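Next up is a structure, given as structure tokens.
Letters A, B, C and D mark the chains as written, and numbering starts fresh at 1 in each.
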């Protein structure tokens, strides 16, 4: 197998086609008798009030921000982890400095109470 | 046409059509979803260019984090986002003109390049291991590696502080 | 086979589309979406130049990883600013944010 | 006996010879063999998924002191098939005001993101989809597609409950992705490779759970949270938001979400087995790959069993507790463990095996002990503060 991405690309295509096939099969076989009540939004029998695309709590956003930064950090750590075995001990210290800098950021926003759910 | 060319054209078409949808569609959640299509196309291009690490990182960072953040931000600021009204400002013909001029200039510059018709050589060694050693070895890019962590620290503290202020 | 120029043409087109998005869109978030397109165009270029040049030199790939980090930081701070502005001014339209324009 | 030692290669060579004999071009034959293999592989995974429906229902019944399905076939083993026929024949409702394209795309991506994972899982020695050199990041990338499908489902349904459920689920998934990725970094440090095949092969002499027990535990907790299973199933708090992001889905589309969830749980059982419990390694597994595949499935089932056990035993936790547990405890602990592991591994790299294993194990135990002591001290201080604050409040 000279290039793994050929196999992987085929896998992605087949892995997408199989769920699509399931939905298409259901669409062909299933009955279709829509009526307004059936199509209305399901809210346990209550009438829907207003548009459902409402705003949400800004707090979710803060956690998404923290996630973004730490996600990028882990991306940097993967090359570091790969090269650890064949580089001097000094390289391990570099990675530790890298992690400590970001943990300091986490500690700061924790102490400022920004991680508290209000 | 070789298989490689067919893949390139399909991906390029996906990228360009999706990019046009990103800048023209009125519904901003749809714009963010089209952006995801662009990013996925770019990941496919990275895979064809033998940069496997960047291909997966593209999906992990861009689709998994940045695009989600965009969708969250659109939903947070939705109240007076009227999808019916025009989403472009009055100067859009100027913008289109500038973009076309920029494209023409870039194409002209590519025409001046002496190695524009270059073909791919063999990949020397294992790019993944070469990348990881280059990123952390002291005589290569370790400074960039450490500075990136300082930048991420600044972004973390700044962004969380700005977003969280009561 | 695909020559180098195809990748550069593609990234030039992507860059121009992103530029149009930045210049023409009203909504601040849509402008940031345009910036993302431009950063991706730059990344495609960097990786293509790495692949068609000397693949033993990893500068191209390292540079694009740094671009990922910069993009993440830019999005984090940019969108946080959008949220903060929205909270005080109740708008995300760039033309209406004219407090500094006297 | 060639077939028993390397089945994939034997079948591959046989098919290649057959197709070339039919006068096909070289690359067409290889492509068709790949496609056949992939379709067979994914079909096998889907059949396993169907079996998992029965396993899950039977196990939950036993946990709750019931019998579970027992009418169709022996022990109700054929129960999933009527279920599937029902799902296919059920009317599919797209609610009014839904964003049609996104609404239909979400279940496809949800199941697809789980199926994609199987491309890189090593089932046995010389039996695997593909040996990708960035397999661990590929797993995280497929998880990112799953997160995306959830937010798409919640947004496209045009339903407040669905949107709220999606927000909760996404907040949960992205938060616990950080400790999960850090736990994935630990085998990467130990082996010096991101390839799943290489990580499994490196565990021929000792399992990584001996070297990094704390890492395995963090991965298990983060995996349960990633799956959105109890105690982290607050996306479907029935009493608050009915059933979460897939409330508006019916028929086959709901079936795809359900199948994706079950298969995801089993897949994570497989990951725990492959990363920390030796994967396909066992007696004679090296010579006879089919035996190795059997070991792998058994270990994956055990991992899945543990996930189910937790699910049906512990109650749901509150969202603020969920986020605080991750950001104030699990994430810092995972990063500290990563630093300790990296340094200990690097220092003991050339030491004899017994010293290496015991050193790594002791460092993990020491870290766990310090963590527990720290937590106890903090709890005691908090209790004392509460006690001294109480009389003041009583006045």
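Methods note: a contact is a pair of C-beta atoms (placed from the backbone, for glycine too) under 8 Å apart; a residue touches a chain by one contact, two chains touch by 3 or more.
Bear in mind that the values here come from a model prediction, so they are computed numbers and not experimental data.
**Q** Considering only mean CA positions as chain centres, point out the chain farthest from chain D.
**A** The most distant chain relative to chain D turns out to be C.
**Q** Going by the touch criterion at the top, tell me which pair is linked by more C-beta contacts: A-C or B-C.
**A** When B-C is set beside A-C, the one with more contacts is B-C.
**Q** Taking the mean of the C-alpha atoms as each chain's centre, how many Å separate chain C from chain D?
**A** Taking the average C-alpha coordinate of chain C and of chain D, the gap between them is 33 Å.
**Q** Where the CA atoms of chain A average out and where those of chain C average out, how many Å apart are those spots?
**A** 21
**Q** Could you work out how far the Cα centre of chain B sits from that of chain C, in whole Å?
**A** About 6 Å, centre to centre.
**Q** Please tell me the distance, in whole Å, between the geometric centres of chain A and chain B computed from their C-alpha atoms.
**A** Once rounded, the distance between the two centres reads 18 Å.
**Q** At which residue positions does chain B touch at least two other chains?
**A** Within chain B, the residues that touch at least two other chains are 48, 52-53, 55, 57, 60-61, 64-66, 68-69, 73, 75-76, 79, 128, 131, 135, 148, 152, 155-156, 159-160, 163.
**Q** Among all residues of chain C, which ones touch two or more of the remaining chains?
**A** Residues 65, 68-69, 72-73, 75-76, 79-80, 83, 87 of chain C each touch two or more of the other chains.
**Q** Note the residues in chain D that touch 2 or more other chains, in rising order.
**A** Answer for chain D, listing residues that touch two or more other chains: 132-133, 137, 155, 170, 174, 177, 194.
**Q** Following the definition at the start, I'd like every touching pair of chains, please.
**A** The set of touching chain pairs is A-B, A-C, A-D, B-C, B-D.
**Q** Residues of chain B touching chain A in their complex?
**A** Residues of chain B touching chain A: 44, 47-48, 52-53, 55, 57, 60-61, 64-66, 68-69, 72-73, 75-76, 78-79, 128-129, 131-133, 135-138, 142, 145-146, 148-150, 152-153, 155-157, 159-161, 163-164.
**Q** Which part of chain D faces chain A closely enough to touch in the complex?
**A** Touching chain A: residues 31, 34-35, 38-39, 42, 46, 87-97, 104, 107-108, 111-112, 115-116, 119, 129-133, 136-137, 155, 157-164, 167, 170-171, 174-175, 177-178, 181-182, 185, 188-189, 192-194, 242, 247-248, 251-253, 255-256, 319-320, 323-324, 327-328, 331-332, 335, 338-339, 342-343, 345-347, 349 of chain D.
**Q** Which chain A residues qualify as touching chain D in the complex?
**A** Residues of chain A touching chain D: 1, 4, 6-8, 10-12, 14-16, 18-20, 22-23, 25-27, 29-34, 36, 38-44, 48, 52-54, 56-57, 60, 63-64, 66-67, 70-71, 74-75, 77-78, 81-86, 89, 92, 95-96, 99-100, 102-103, 106, 110, 115-117.
**Q** If we count contacts the way the header does, which residues on chain C are in touch with chain A in the complex?
**A** 65, 68-69, 72-73, 75-76, 79-80, 83, 87
**Q** Using the touch definition up top, name the residues of chain B that touch chain C in the complex.
**A** 2, 4-5, 8, 12, 15-16, 19-20, 22-23, 28, 31-32, 35, 38-39, 42, 45-46, 48-51, 53-54, 57-58, 61-62, 65-66, 69-70, 73-74, 76-77, 79-81, 86-89, 91-92, 94-96, 98-100, 102-103, 106-107, 110, 113, 115-125, 127, 130-131, 134-135, 140-141, 144, 148, 151-152, 154-156, 158-160, 162-163, 165
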